[in-house]
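In order of appearance the chains are A, B, C and D, and numbering begins at 1 in each one.
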Amino acid sequence: MNAPLQLNALRVEDLSVWHGQQQLVGGISFAIAAGGVLTLLGESGSGKSLLAQAIMGNLPASLRATGSIFLAGEHSDAADGSRRQDGWGRRIALLPQEPWLALDPTMTVARQVAETYELVSQSAPDQQNESLRQARSQAAASARRALASLGLEAAADKYPCMISGGMAQRVAFLATHAAGAPLMIIDEPTKGLDVDRRGEVLALLQAAQAEGMSLLCITHDVWLARALGGQLAVLQDGALVEQGGAEALLAQPRHAYTRRLLAADPARWPLPEVRLPCAQAAVIVEARELSKSFGEQALFAGVSARIHAGEVVAVSGPSGSGKTSFGNIVLGLLQPDTGQVIRAPDLPRTAFQKIYQDPAAAFAPAIPLRRSLQDLVRLHGLQWQALEALLERMRIAPALLDRLPRQVSGGELQRIALARVLLMKPALIFADEPTSRLDPLTQQEVIALLVEQAREVGSAVLLVTHDADIVRCVADRRLALSPAGQSVQ
Amino acid sequence: MALDRYFPSRKRRGLLALPALAVTLAATGWHKALAHGDESGHAHGSIAQADKDILTVVGPWELTGLDPTRSGYMFARMEVLETLLEVDDAGQLQPSLASAWSVSADGLQWRFVLRNAQRYHDGTALTPASVLACLQRAQARPGVLRLADIASLRLEGQTLVIVLRRPFGPLPYLLTHYTTQILAPASFDAQGNVVAIIGSGPFRIRSIALPQQFDVERVPDSGAGRAIQRARYISVSRAETRTLLVQSGQADLAFSLDPPSIRALQNSPRANLLSAMLPRTTILKLNAGHPILADVRVRRAISLCIEREGIARALLRDPDLGATQLFPPSLARWHEAALAPLHTDLPQARSLLDQAGWLPGSDGVRRRQGQRMELNLSTFVDRPELPLIATALQEEMRQIGIAVRVIIGNSSDIPAGHRSGQLQMALAARNYGNLPDPVASLLQDFGPQGGDWGAMGWDNQEVPALLAQLAAIPADSMARGNAERTRIVALLQAQLPVIPVVWYRQTCAVSRRVRGASIDPFERSYRISSLQWT
Amino acid sequence: MSSLSSSLPLLEQPGPRRWRSSQRAGLALLVLVAGFALLGPLLIPTDPAHQQLARYLETPSLAEPLGYDQLGRSMLARLAHGARLSLSLALLSVLSAAIPGTVIGLLAAWCGGWTERVLAALADAVLALPALLLVLLLAAFAPGGFWPLYVGISLALWVEYFRVVRAASRILLASPQVEASRLLGFGALYIVRRHLLPALLPRLLTLVRFGLAGAVLAMSALGFVGVGLQPPTPELGVMMIELLPYYREAPWLVAAPVLVLFLGLLGLLLLSPQGEAA
Amino acid sequence: MDLNRFLSARGGQRLAAALTPRLLQAVLVALLVGTLCFFMTRMLPGDMAYRIAAGRYGYDMVTTEAALAVRAELGLDRPWFMALSEWWSRLLHLDLGVSQVTSQPVLAEIGHQLGPTLRLSLLAMALSLLVGPTLGVLAGLHPGRWLDRATLALSVGLRALPSFLLGLILVLLFSVQLGALPAAGHGDHGGILLPALTLALGLAAVSCRVARDAMVQVRQSEYFAFALTKGLSPAQALVRHGLRNVAVPVTAYLGVQLVMLVEGVVLVETIFAWPGIGHALVHAIFGRDVPMIQGTALVLGLMFVLFNALVDAACALLDPRGRA
């Protein structure tokens, strides 16, 4: 497949990861040409991070790997991780998930980058004594040049806690990249990022590729896979289901799982039938000239809006524009600086409900779900059967209720949270990034249920999401926030 | 991953050595940096054997101030300050700064011939005028000189003349007391406060760190052979710590050892034990003015419930120390061998209380007309055995139906309680050899108003009168007062204004590094000038 | 490693909390010591104050397994009474610090604003002094008394509960779980019962454990400097001080209260869940 | 470099802002100690004027006139709140009065005692930091292995032992059995070592576990893993990233340990006859010497606040997160 003289940057043969006798990842084989890109696409739980760890050689002690790994043609047994550890930084690099956690919080950014130049890339330990100081200042200079090249000169003397997530990602990239490893493994670089940030990440990776680096990119983000191009492999439950050129594979997926995965991408969701603005429906809540700021920073000002029964309104705006605060003001959880919120007078307080980004945080963690829900049913004198019916519609098995919130998966818990909210016969549901922590397939399911059930009980939905595609697919209209003012589309 | 990779073995050793190195540095460098100036000349390597040539004395007493009335006894014990007269082990007066003394026939005019050519430690001459100044100062302050009714103090050449208004036989003994110590004029500031200790004894002060420590050195050209040249007193309040210091070879002389420590030191390779009976008695001071204790039957009942021998055996490890009368055998003139000893008899104690109208209540505590027989017993921790004895007494009094609350406080609570009249019972140790002639002490204790460490609210005129008669007898013809003494002892035994509990034996640990140690029965001196290094 | 937890649900064990072996040992020790303190005084008929001077420091025998103390009192009886007194005094002080501390902490977090600031200032004032110093000062009023000790230890300890409860409650009260419950119509009591207390309980128990250990140690320390409970009260700290001088002649005497205290404290410390060892 | 930036103009402001609460705390200490001591003088049994006079002039010199003079001079006949406010004002002017036992100014006595106490507590702190965190880091590198278990057992054992007993055991071991170190007293060379060791072991018992837990956490942290994957050797990662981050909680915990230090000083000075403030406080309590109680408690409290302020500054220096 490749030119004979050009070695593969990475070749993996029959790689498996085991927990005891249980195979977590099985029989993976692939190769990345020098300067090439391979994207591993899969949901969380598909074993893609384990795969990355197995290749790096830093699997947790309870796991073991089998198979063969060829790094720039050099063979090593997959089980023998320590051999590849010697090449960390110099021959194989890893850009970790959530790079802001990967930077040492107590060290300035510049020193963390310089450290790689000093200790990893200058491989002359014998000369250290005579030129330790010199090496250090050279490394510092290289680090500053590198930071400047990515527009980070202002952040050089800052600590990780003082810089944004995007900057942290670039810093981590530089620290990883400094020793010039020809192969970089990138783990979920776009997790939780909004559109602009995703663009930055893509640019970074494309620049690295342009320098001749080989990339192994692990992601669940179909958009990124498409943008990076190169080779694509789809992973399901620890097994490769499909592999090929990205463009071709994305255009014509053969495997059913790949098809479902691609269909779950909000960009591919079916557009809803066009609905008229329900001006004739009753006004649930009216916001008049709302403004809010935190300290010096103004979030939004002069926002006025009416929300009618049964409509889905998406709140949009750049991050930091106060989307969550706006929703909380509408619910009455937060007081606006100026302006007022008028709720329909005949509605009880419990008619205004909220769905949270992290469903696990919205339940009392120490008591089983059943107890929480029973408490609610008892408090309002409701029928348990009504709840059971709701749960059935949410496709929740009753046995799940005997678990604690953290013992239930995010998608399931979000659906239970939805059932809990619907039980209150709400007039308005404020859904604050309800699916941003969920995998694409689950996300699609939860959003669909939310909209469908809300419409069924006639509840309005105030949806905050960073994903423009979701907005496009489900929202009846958009409410854009900005510090200057608002615009309704 | 392989954890051993974290430390190549060389690095591991290096890291482990780091704290050890730092501790060594701290032990030497740190101390060097902060050591007191006068010790900076010492080598720092030898931690335990430091101060080989310094005799270290430890005792419980703290230096509460420079004034002789406060801590003068410590400077006397370390032989820094001297008094006009001294006493020998038998209590006989000896010349010191005064070489001779005499009294007029009417007993009112005393003459003390001062020695010539004495010098203070600062090199100035010990002039009669400086002696007079010190005594005048002592007279103006609380102290024993007030016991004698002094009309005037004056000088006639080398002779000090003291004129009294009433005869006072024990006067020379007062001049042995530490409150009459002689200090050089340079010791005082303009207001007459003591700012330095400059005396005339064989040792002079090298440094003082109040309240815990002072160092002395021998005055040049005194002492021969391997005599002690430097000594140090350290106040160590806990008896265990003093014992540990002896056991670890850090202390050469240790005083006021508690009985368990004595046992611990008996076979010590480092130290010998010396002991001597002191004229000190542990007494139960009673407020005879208190409604419960005013009745002599109650006082006798309390005395009868005390197991003196048991307490002496269990707590002092010496059954002979049970105090069958107030004065121990070492006070030969005052100890009456013929006197019926105080003893233990619980049935008799109970019947005495019955007679006094105190009848057993349902809770075991006696009552009279609705009043419970409850008493407070104050004591203090300066002497380690006192709280223990108090505890034993508490239980013994409970056996005859008296509820006692033990209050362990400070020694000053007792004089304060005496003066405020709040005190009910107190357990204290009284040294009748405070002045070598007990008459002066007894005058303080059993005078017309009683005394801080003696009778309280005791309605008795006979004892004060007898004591006054004794006081009029000149010090060198003490043999004359036998009849009075016998009567006083008998009265105290019968009336029990204070109840004797146990006598006292001073035990001192002496390092095997020195020889020639002896105990002063009057606790006036540690006699370090006569010690020799072995 | 995020994928690990979801791909390996078996690694995280749901269900009842499992006890580590050290915790089991801790519990056993505590039961042992508490049983001795509670049942000892009932089962041992001897009066702990009864003294037989002739039997001072008598060595242990079958009749008196721990022998007699320096005043010829039954050591076993005194030890049992001492353990009971020490533990109950410690428990009493800790509980009377924990309950008001927790309630005030909840109140401060709930009310916020002015109330909170006043209470926090009060706590800061108490915290300004190390606890033992505060207890020493209070105990100096009436040395040997039970009340100054009790009041002092409680006064010094309530602040910890207040601070921990207030800090944790503030975070919890602002958390989505409480917000959700409020939106669903639940009242204050429900939120305290279902959200705050379950979250606070482990931390409170840790504080109680350390508080108990600290109170017992503080009492013995106060005894050592002469302001603790006074002899002849059989209290562990007092007994240690009293018997310390006899450590050579009768080491078992001083070892006995030390051992009881040590085992009790060891039990309390071992009981801590992992990560709370400090 | 860090230090300079931290102490630069803005850093200085931030430092000042961080230390203001400590200053407030210092005033609180003074008021609290002063108020307690004021009421102590009033509530101790017996007549206060009498007691003060006795303290000043000696028991034999006390007369009714002397007590009356004291009463008038100190305004003891005035209402308590007026007396209290004057008491406070004298306290804030650092007029601590005269010891009732020694008749020396309290300030002068404390001046003598402060040096030994500071020396003892600083050496104890240094020793504990050398022993505790070092063992803790080593244990944390191999959680569950023998060193981890041994330090756990040792630390639990040390914490269950009252410090006066620990001191005794150390003396018996080092002085009596081995003859290696002096048992007590401060004149001898090395006399500071045993009391400092007694204190330090108690402190290290805790800091060891803090460091151990921190090390375990750091080792599991993403930044530590990142330091390794970016190519640092394990030893380099440990020294450059591990120790720095372990130092943060260990330093923060120092603040908590200060309580133990100040409490320990009181006990350890007493058993080792170390002539410091703790020893003086215990003696003052024995002697009911209220001016001395007030002075020593005040200085111990202020020492606590000062050390706390230093710990705050050290934390801010080590951990930029608190600074932002």
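Please note the rule applied: a contact is a pair of C-beta atoms (placed from the backbone, for glycine too) under 8 Å apart; a residue touches a chain by one contact, two chains touch by 3 or more.
Note that this is a predicted model, so its numbers are computed, not measured.
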item: Most distant chain from chain C, judged by the mean position of its C-alpha atoms; value: A
item: Interface with more contacting C-beta pairs, comparing B-D to A-D; value: B-D
item: Most central chain, Cα average position; value: D
item: Distance between chain centroids, defined by C-alpha means - chain B, chain D (Å); value: 35
item: Cα-centroid distance, chain A relative to chain C, in whole angstrom; value: 46
item: Distance from chain B to chain A - Cα centre to Cα centre, in angstrom; value: 83
item: Interface hub residues of chain C, defined as touching at least two other chains; value: 143, 226, 244, 247
item: Residue numbers of chain B (touch at least two other chains); value: 5, 240, 381, 409
item: Two or more partner chains touched - positions in chain D; value: 168, 270-271, 286, 288
item: Touching residues (chain side chain D, partner chain B) in the complex; value: 45-47, 50-51, 54, 57-62, 101-104, 109, 112, 115, 119, 123, 126-127, 130-131, 134, 138, 141-142, 168, 171-172, 175-176, 179-190, 192-193, 234-235, 238, 270-273, 275, 283, 286-288
item: Residue ranges of chain B in contact with chain D within the complex; value: 3, 5-8, 11, 15-16, 18-19, 22-23, 26-27, 30-31, 34-36, 39, 42, 44, 46-48, 50-51, 56, 58, 62, 64-65, 69-70, 141-143, 146, 209-213, 215, 232, 234-238, 240-241, 244-245, 247-250, 381, 409-410, 412-413, 415-417, 419-420, 422, 452
item: Contact footprint of chain D on chain C as seen in their complex; value: 124-133, 136-141, 143, 213, 217, 220-221, 224-227, 237, 240, 244, 247, 258, 261-262, 265-266, 269-270, 275, 277-278
item: In the complex with chain A, residue positions of chain C that touch it; value: 1-4, 6-8, 11-12, 14, 175-177, 179-181, 183-186, 190, 194-195, 198-199
item: Of chain D, residues touching chain C in the complex; value: 21, 24-26, 28-29, 31-33, 36-37, 39-40, 43-44, 152, 155-157, 159-165, 168, 206, 209-210, 212-213, 253, 258-259, 262-263, 266-267, 270-271, 281-282, 285-286, 288, 293, 297, 300-301, 304-305
